[in-house]
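Alright, structures below, take your time with them.
Next, two complexes with subunit A in common: one pairs it with subunit B, the other with subunit C.
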Partner chain A sequence: MISLKNVVKTYSDFQLNISMAIPKGRISGLVGKNGAGKSTTIKLILGLVKPDSGEASVFGTQSCKLTIKEKEQIGVCLADTGFSNQLNILDIESILVKMYPGFDKAYFQRKCEELKLPKDKIVKEFSTGMKAKLRVLVAMTHKAKLLIMDEPTAGLDVEARNEILDMLRNYLEEDEERTILISSHISSDLENLCDDIYLIHDGKIILHEDTDVILDQYGILKVNEAQYATLDQTYILKSHKEHYGYACFTNEKKYYQEKYPDIVIEKGGIDELILMMTGGYR
Partner chain B sequence: MAGLFEKDIRLLLRRKQTLVLFLALAVVIGFTQEGTFILGYLPFLGMMLTISTISYDEIDNGYTFLMTLPIDTKTYVKEKYLLCLSGTFISWIFAVVLYFASKFLRETNIVIANEVPIIVSFLPVLLLAMAIMIPIQLKFGAEKSRIVLLIIFGITAILSFLFEKVIGAERINSMIIKLDNLNGTVIGVSATLFVILAAIISYVISCKVMQNKEL
Partner chain C sequence: MDIILNHSSMIPIYEQLMDQIKSKIIQSVLKEGEALPSVRTLARELRISALTVKKAYDRLEEEGFVTTVHGKGTYVTASDKQLAVEARRKAVEDAFTKAIDKAKAVGLSKEEILEIVNIIMEDES
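Presenting the complex of A and B:
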């Protein structure tokens, strides 16, 4: 469905060098710190920026050459942009009717009511949560085969985030062949939604793993200096010096649980994954 | 393209107050000012109004989102030219109606055939202005394009001044007299061809500008 082969994009102060492949029916998460390259990756996939080298493709077509028919099969939600904030819901509905042959007007209207999006107010007067819900709804209402969402839940409270995640879950339940690529730095959103996670750091994918594997097998070993000196380093991905000794990130939690029953081992979620692998663990 | 038209028309309708003000001003000017001022003024406002939809697209990274919709850069550019042409033409028609209404109130004997060349002569000038303004607006955005236009007009003024100094006022006058003596049809056809060529070049430049935009 999505393929990035050795895609390189260079800016004056940043270089992205990335490869990834997302098959049909997969929900993939793209995580990383701010400025790691998540948005640039999404723009490359959508053909909004051209790679300096390598190949970005969607549905087997080069991203920069996506046809209008293929674009009709993609729903996009970008973090900081959407339809003009001078328009209201009725305006946007009329535009989408003419833009997408597959636009489901009844679904759009029903969802607007459920999400309490006012029809007569212009988007500029919406709250942050309302704007985010509208962006997600706009991406979903034409029954796209592929959803690409850049930080759809950023800056939202728990209730609004849950509403958006529920919308995405329902969307997937309707058709199992639908594919989603979602970028976020809110780990709990991705842990409950994604099949696999790509971790991006300084423009490179430094880890790609199934979410279940991360949650089951990854962990943080908290060891003192003496324990660290004798610790088997075979499955230690990263270690950080801490005030108590060392925090060691492993992808074989059970191996260490069995071999070193005295060592404190904490669960390794996506937050820990980001922090340990990108050097920000405290 | 229908979706883009819908978007732009709805954005224009958001400025109902401006539209009503423009029309009221046009009616007042049409009936109080003698001459052809209204024929240039109103279509120019119409053109500016439609071109201003580009700046709506530009705000809040709007281009980035628009290009994720099922359109491509060529469709976007085509829609802008068609919208601008339609806006200019509709306001030109309105200006012509006001022009005649005002004339009928003032004069009794009006020969419409004599008026047609004057009225039509505004169209190529307006289209030329459109051909210059759209690519500049697309390339430089709402704010910078004003400065660029000022620079262009400044350079044109300086070149005209230098041209007059080099060639001499007498020669220019004789050239104008020669042009006046040319057949009206020749002038009309030449102007039409020139404007069509300018519009094609403008469209190609606009497409290139949009294709090279990093979103």
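Presenting the complex of A and C:
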């Protein structure tokens, strides 16, 4: 569905160099710190940014050569809706009807009601949560095969985030071939939704793993100096010096649980993964 | 399907899911030929990734509890009572193996381990 092959994009102070392949029906999460290259990656996939070298493609077509028909099969949710702040839901609806042959007006209206989006208020007067819901809804309503979402839940409270995630889950349930690439800062959102996770750091993918493998097999060992000195390092990915000794990140939690039953081992989630693997662990 | 997952447990989610579907089959709550929810439906209901559900379904198929008909769905297979009993026995064995490993790791002898088992059994009776 999405393929990036050795795609390189150089800016004066930043270089992105990545490969990824997202098959049909996969829900992939893109995580990383601010400035790691998440949004640039998404822009490359959409053909909004041209790569210096390498190939970015969607549906097997080079991203910058996507036809209108192909673009209609993509739903995009970026930081901004792209609609003027002065428009209301009814205005936006009439634009979408013209833009997408697959636009489902009845669904859109029903959802606006469910999500309590006022029809006659201009978008400028919407709350942050309302704007976010509108962005996601606009991306979904033309029944696209592929959704690309850049931080759809950023800045939202837990209830609004869950509403958006449930919208995505319903969307996925309707057709098993639907595919989503989603970037987020909020790891719990991705842990409960994504099949696999790409961790991007300094413009490179430093880890790609199934979400449930991260949750089940990754962990943090907390050891003192003496334990650390004799610790088998085979499956330790990263260690950080702590006041009590060391925090060691492993992708084989079970191995250490069995070998060292006395060591404190915590579950490793996506937050721990980002912190440990990108060096910011504290 | 009423399934309760514990996200703070060290038992992997797909394993929890598998165990609960398995016991529903063994207890005939899920009957032969009955369809399981689609992967994405269950993923939505339980708020877990589809791949986790798929993993659980795949393992259940390997163990002969369900069959997946491509493009149609996943169905409970003819419930073989013998198979069910064996699966339960296997689970108990696994739990014992784990406990024995732990006991050995702290240096308990065979006799001491058996003594613990006897004490626990007597407490219960």
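To be clear about the criterion, the second predicted complex is superposed on the first by the 280 of 282 C-alpha atoms of A that agree within 3 Å, B and C clash if a C-alpha of one lies under 4 Å from a C-alpha of the other, contacts with A are read in each partner's own complex, and residues count from 1 in each chain.
As a convention for this text, a residue touches a chain if its C-beta (ideal position, glycine included) is under 8 Å from a C-beta of that chain, and two chains touch if they have at least 3 such contacts.
Since the model is a prediction, treat every value here as computed from it, not as a measurement.
Q: Superposed on subunit A, are subunit B and subunit C clashing or fitting side by side?
A: Taken together on subunit A, subunit C would fit alongside subunit B, as the superposition shows.
Q: Can A:94 be said to touch subunit B (first), subunit C (second), both, or neither?
A: A:94 contacts subunit B only, not subunit C.
Q: More residues of subunit A in touch with subunit C or with subunit B?
A: Comparing touch counts on subunit A for subunit B and subunit C gives B.
Q: At the CA centre of subunit A, how far apart in angle are the CA centres of subunit B and subunit C, to the nearest 10 degrees?
A: Result: 150 degrees, to the nearest ten.
Q: Between subunit B (first) and subunit C (second), which, if any, makes contact with A:216: first, second, both or neither?
A: Touch status of A:216: second partner only.
Q: Scan A:10 for contacts with subunit B and subunit C and give back first, second, both or neither.
A: A:10: touches no partner chain.
Q: Taking the superposition as given, does A:27 touch the first partner, subunit B, the second, subunit C, both, or neither?
A: In the superposition, A:27 contacts subunit C only.
Q: May I ask you to decide whether A:192 touches subunit B, subunit C, both, or neither, giving the answer as first, second, both or neither?
A: The answer is second: A:192 touches subunit C but not subunit B.
Q: Per the contact definition in the header, classify A:224: touching subunit B only (first), subunit C only (second), both, or neither.
A: In the superposition, A:224 touches no partner, neither subunit B nor subunit C.
Q: Rounded to the nearest angstrom, what is the minimum C-alpha distance from subunit B to subunit C in the superposition?
A: In this superposition, no C-alpha atom of subunit B lies closer than 27 Å to one of subunit C.
Q: Which subunit A residues come up in both lists, the one for subunit B and the one for subunit C?
A: Common interface on subunit A, subunit B vs subunit C: nothing in common.
Q: Subunit A touches which residues of subunit C in the complex?
A: Within the complex, subunit C contacts subunit A at residues 8, 10, 12-14, 38-41, 43-44, 47-52, 55, 101-102, 105-106.
Q: Help me check something: in the complex, which residues belonging to subunit A touch subunit B?
A: Counting only subunit A, the residues touching subunit B are 43, 46-50, 68-69, 71-72, 74, 76, 78, 80-87, 91, 94-96, 98-100, 122.
Q: Please output the residues of subunit A touching subunit C within their complex, sorted ascending.
A: The contact residues of subunit A facing subunit C are 27, 165-166, 169-170, 172-173, 176, 191-196, 210-212, 215-216, 258, 261, 267.
Q: Per the contact definition, I'd like the list of subunit B residues that touch subunit A in the complex.
A: Against subunit A, subunit B makes touches at 2-3, 5-7, 10-11, 14, 56-57, 59-62, 64-65, 67-72, 75, 214-215.
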